[in-house]
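Below is one structure. I have some questions about it.
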Amino acid sequence: MSANLLAIFYLVSGVLFILALRGLSSPETSRRGNFYGIIGMAIAIGVTILSIGNFSTGFVFLLVFLLIGGSIGAFIAFKIPMTAMPELVAGFHSLVGLAAVFVAISAFLNPEVFNLGFPGNIKIASLIEMSLGAAIGAITFTGSVIAFLKLRGLMSGSPITFLGQHFINLALGVILIGLVIYLCNTQKEYLFWSLIAISFLVGVLLIIPIGGADMPVVISMLNSYSGWAAAGIGFTLENSALIITGALVGSSGAILSYIMCKGMNRSFFNVILGGWGATEDSSKSVSKEQKPVKNGNADDAAFLMKNASSVIIVPGYGMAVAQAQHALREMVDSLKKNGVKVSYAIHPVAGRMPGHMNVLLAEANVPYDEVFELEDINNDFANCDVAYVIGANDVTNPVAKTDPQSPIYGMPILDVEKSKSVLFVKRSLSPGYAGIDNDLFYRENTLMLFADAKKMTEEITKSL
Amino acid sequence: MSANLLAIFYLVSGVLFILALRGLSSPETSRRGNFYGIIGMAIAIGVTILSIGNFSTGFVFLLVFLLIGGSIGAFIAFKIPMTAMPELVAGFHSLVGLAAVFVAISAFLNPEVFNLGFPGNIKIASLIEMSLGAAIGAITFTGSVIAFLKLRGLMSGSPITFLGQHFINLALGVILIGLVIYLCNTQKEYLFWSLIAISFLVGVLLIIPIGGADMPVVISMLNSYSGWAAAGIGFTLENSALIITGALVGSSGAILSYIMCKGMNRSFFNVILGGWGATEDSSKSVSKEQKPVKNGNADDAAFLMKNASSVIIVPGYGMAVAQAQHALREMVDSLKKNGVKVSYAIHPVAGRMPGHMNVLLAEANVPYDEVFELEDINNDFANCDVAYVIGANDVTNPVAKTDPQSPIYGMPILDVEKSKSVLFVKRSLSPGYAGIDNDLFYRENTLMLFADAKKMTEEITKSL
Amino acid sequence: MEIDPFIFRLSIFILAIFVGYYVVWSVTPSLHTPLMSVTNAISSVIIVGAIVAALAGDNNKIFDTSNIFGFLAIILAAVNIFGGFLVTHRMLAMYKKKRKDK
Amino acid sequence: MEIDPFIFRLSIFILAIFVGYYVVWSVTPSLHTPLMSVTNAISSVIIVGAIVAALAGDNNKIFDTSNIFGFLAIILAAVNIFGGFLVTHRMLAMYKKKRKDK
């Protein structure tokens, strides 16, 4: 296949990837979008194989390895519970990062096949590109592994900080740059290996000081990194599919991190420099002054909701923990049979990753036209009889509007306090992610339902 | 200057043009955007001159001609009244089209300077690109001239149709394709000239059957064409600034045409195949059955509005004709002094070009945060006391919702009929652009104010 | 194994169409008239072709037919550039937020 | 007067960033989780590099160090490709409009 034809096919697959992301602008077109993505990938792989035109032993191995990897991937994809999406994404990112490192190593060891020169005499531009690709890939790999371990609970979620941390990171950064320069001058192999080793270390050091709960931002950031790594390798391999994809993925990750930080009203640096989760414990103990709360049970809740004309459901992280989405859906079905109007209100940072609640509700067959974003539903709380807050906390905390000292000050919140009565399903009075007390628990029109979200919801359904 | 450096500068100016359009996403950033556009243009011109590096007589002429053209342009830009924007844009398009033709001719006559080969032996690809650029440019030129004449009233706005029109256009199109093929084979100069001549003719023939009032869609379409012509020439000259700009302008024109057609609920082909304006007269005469209307004067209107608590202004084409925007603004000032809440409702196709009303209101110093789009204000009519409809007609016609036979059926309209009372300022009962009667004129809660929009508004201000 | 520059230009063209699509849809409807005038101005970047046509080539016969067409194109494009940007500027300067009126 | 292909690639890269910016902002927030998984899948297009690394070069020593790295990269990328697209598909299949429930 001629270089020109090959380039055209890569362009086509780049365009198909654009269309894949474009499809996600609405649920109706999203499935078609995913399909475009698959075709784009098939084209890219197909033409690459054809362009090499080597159908001997190597080709058989290729198919075997594709099959092995593919089966593992397919197996994971089918088995993974929806609540484990955050760690799945982290895990997958680590693989992309490592793959980028491997490709860079291979290009370094055998530059002729990529037209980059000869071992010991690689073009400087290519050397810089592949060093960048390898370094970013390596950071993505170890960083994602740490994020995965923290999210999976295999490693403590609390930030690990030590003296001189930022200084060490800075020093390692400087060393990395020095290595690249030295490598370009001498083309010594051991320098390349050192570069990769140090990058692995940097990945670990960058992520350990960040609290487990900040991992979603980290994942997005690493997603963005993996994109830039791919683009770097794309420049090395002179492949426009990789360059286009890298740019797409790079911007996508950056924008999602931005959206999350904005949703939490924190600056990106505040998240990345870490150590935030540590404040949790201190503020937890301060605000406990034993104010009276109204404590209810499933029958009270069922009575209130049955007699309501409209109910708004506010799901949060606790719903994911309790896997309560199916129970919730059944409760809503019963309510609807009783003629109650029900809708769902999703805060942009409810749960632990962007769109987390939406996926869970979709899994429980909640039609997406009953699910509303904050801006679209926030005015409706004033006319609603009951707000059923299930495992959410921070996203309803009015302190975000009133107390400039609070860490969530300025974050937009769902105005559940405006509804006639508020039901809070959670297991205790303990705070949520931000580690601050929620004044709503002690209000006149709030009823606390202390229990696991799933159990409580099921009991309410029975009483209905 | 090296080819690489030159290419980078052209890329920069392409990016600046993107930022120029991006700035228009809000009025606050728009001025900065325009500034980016100017810098992008300055860079493109500057590096081109430097890259030729010929500072002899020719350079002096270049400056002189730039100055002549620039002065003419600046003079027009300062003198033109805002109400004449549609014809100004049409006129400017014609110039871009002609410039594209001239550049193509020059490249054909002297291909060496563009590295395209030699006279009589031009590269086939370049020949195709320059033929396309020249043909589209020529069509843009004559088409825009006709559009300009129709809009300026120098030529009758009514569609000129004759037998076999579409057939002739088709035949000419086939001839054009044949000429390009023949030209590629023989490289004969007279073929190139014939190509251009026939394209000029096609431009005329394509536009004359389209009614004067459909010109806005035509202008946008020609804008789009001029973009594609620029991109074609960009491929010939191997210049990425031109390619990027061409694609931007091409999509921009296409999207604006689409928005207009959708706003009118007509298909693009229905507009382009023409002859629509002709139905106007027939329907005009049909619907006149002398129903009673309530006729008011300035004092009545002033009384109604003074005692209202909220008034919504609905401007339309008539406001532009009467140049009533300043008078309107003064009336609103008086109303506000009387404690009346006033806002403006703009229909997407009010007036004769997209955004027409917004520019006129802005000219009259109406702050843009008092001006609302259809979707944002349509629900407010139900709670408003007076709708003051000034020179608008079709965009308020409820027949669009009720009568599937009507030419505007399905077009979204401003629900003025829902407000407590409606004031219509127009000179007569005659219909607007779509040529259909407006049932609202005869309603119980409508008061007709027959007069020129500007005179009437001024009188009302006096009575307030 | 060199790739024809045409393919690259094609890629640039296609991506620029995507950018154009998105960038224009994100323009607020109240600025559609300035959008028309500013696209008009930037499409006059065709002047770079006109400049090459007018100046390049043999220095002694600057008024060759092909040069003359170049110079003519320069005038036309210059009208557009200055006219387009200035009239856009004039329009945009009028869009104001509510403040101490006027 | 040939332009270095690198410049073209740079242009493609920059335009693709613009496209990425717009295309991602236009993703509806309720699909942000599928967005993360699908970007993951498509970034595995790096597999094309892995394939070249694994297959190209001398036919007789297919298990050269550099080839082995290529094959390893193929496995990793394949996990991602299949896993990413399938899990996205699984998620998207769950988004339904109200109809005759279930």
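Read from first to last, the chains carry the letters A, B, C and D; within each, the first residue is number 1.
We adopt the following convention: a residue touches a chain if its C-beta (ideal position, glycine included) is under 8 Å from a C-beta of that chain, and two chains touch if they have at least 3 such contacts.
Note that the structure is predicted; figures quoted are calculated from it, not measured.
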**Asked** B-C versus B-D: which has more C-beta pairs touching?
**Response** B-C
**Asked** If you take the mean of the Cα atoms for each chain, which one ends up farthest from chain C?
**Response** A
**Request:** Indicate the whole-number Å distance between the mean C-alpha point of chain B and the mean C-alpha point of chain D.
**Result:** 41
**Request:** Return the distance between the CA-based centres of chain A and chain D, expressed in whole Å.
**Result:** 17
**Message:** Based only on mean CA positions, could you tell me how far chain C sits from chain D in angstrom?
**Reply:** 35
**Prompt:** Of all residues in chain C, which are in touch with two or more distinct other chains?
**Reply:** 2-3, 5, 8-9, 11-12, 15-16, 18-19, 23, 26
**Residues within chain A bordering two or more other chains** = 14, 18, 238, 240, 244
**Request:** Spell out the residues on chain B that touch chain C in their complex, using ranges where they run on.
**Result:** 10, 13-14, 17-18, 20-22, 24-28, 30-31, 33-34, 37-38, 40-41, 44-45, 48-49, 52, 54, 56-59, 61-62, 65-74, 76-78, 80, 82, 85, 88-89, 92-93, 95-96, 98-100, 102-103, 105-107, 109-110, 112-114, 125, 219-220, 223, 226-227, 230-231, 233-253, 255-256, 259, 333, 346, 348, 353-356, 358-359, 362-363, 365, 367-371, 373
**Message:** Considering only the defined contacts, which chain C positions touch chain A in the complex?
**Reply:** 1-4, 7-8, 10-11, 14-15, 18
**Request:** Spell out the part of chain D that touches chain C in their complex, as residue ranges.
**Result:** 2-3, 5, 8-9, 11-12, 15-16, 18-19, 22-23, 26
**Fill in**
In the complex, chain A touches chain C at residues 3-4, 7-8, 11, 14-15, 18, 115, 238, 240, 244
**Request:** Please give the residue numbers of chain D that touch chain A in the complex, ascending.
**Result:** 5-6, 9, 12-13, 16-17, 19-21, 23-57, 59, 62, 64-67, 69-99, 101-102
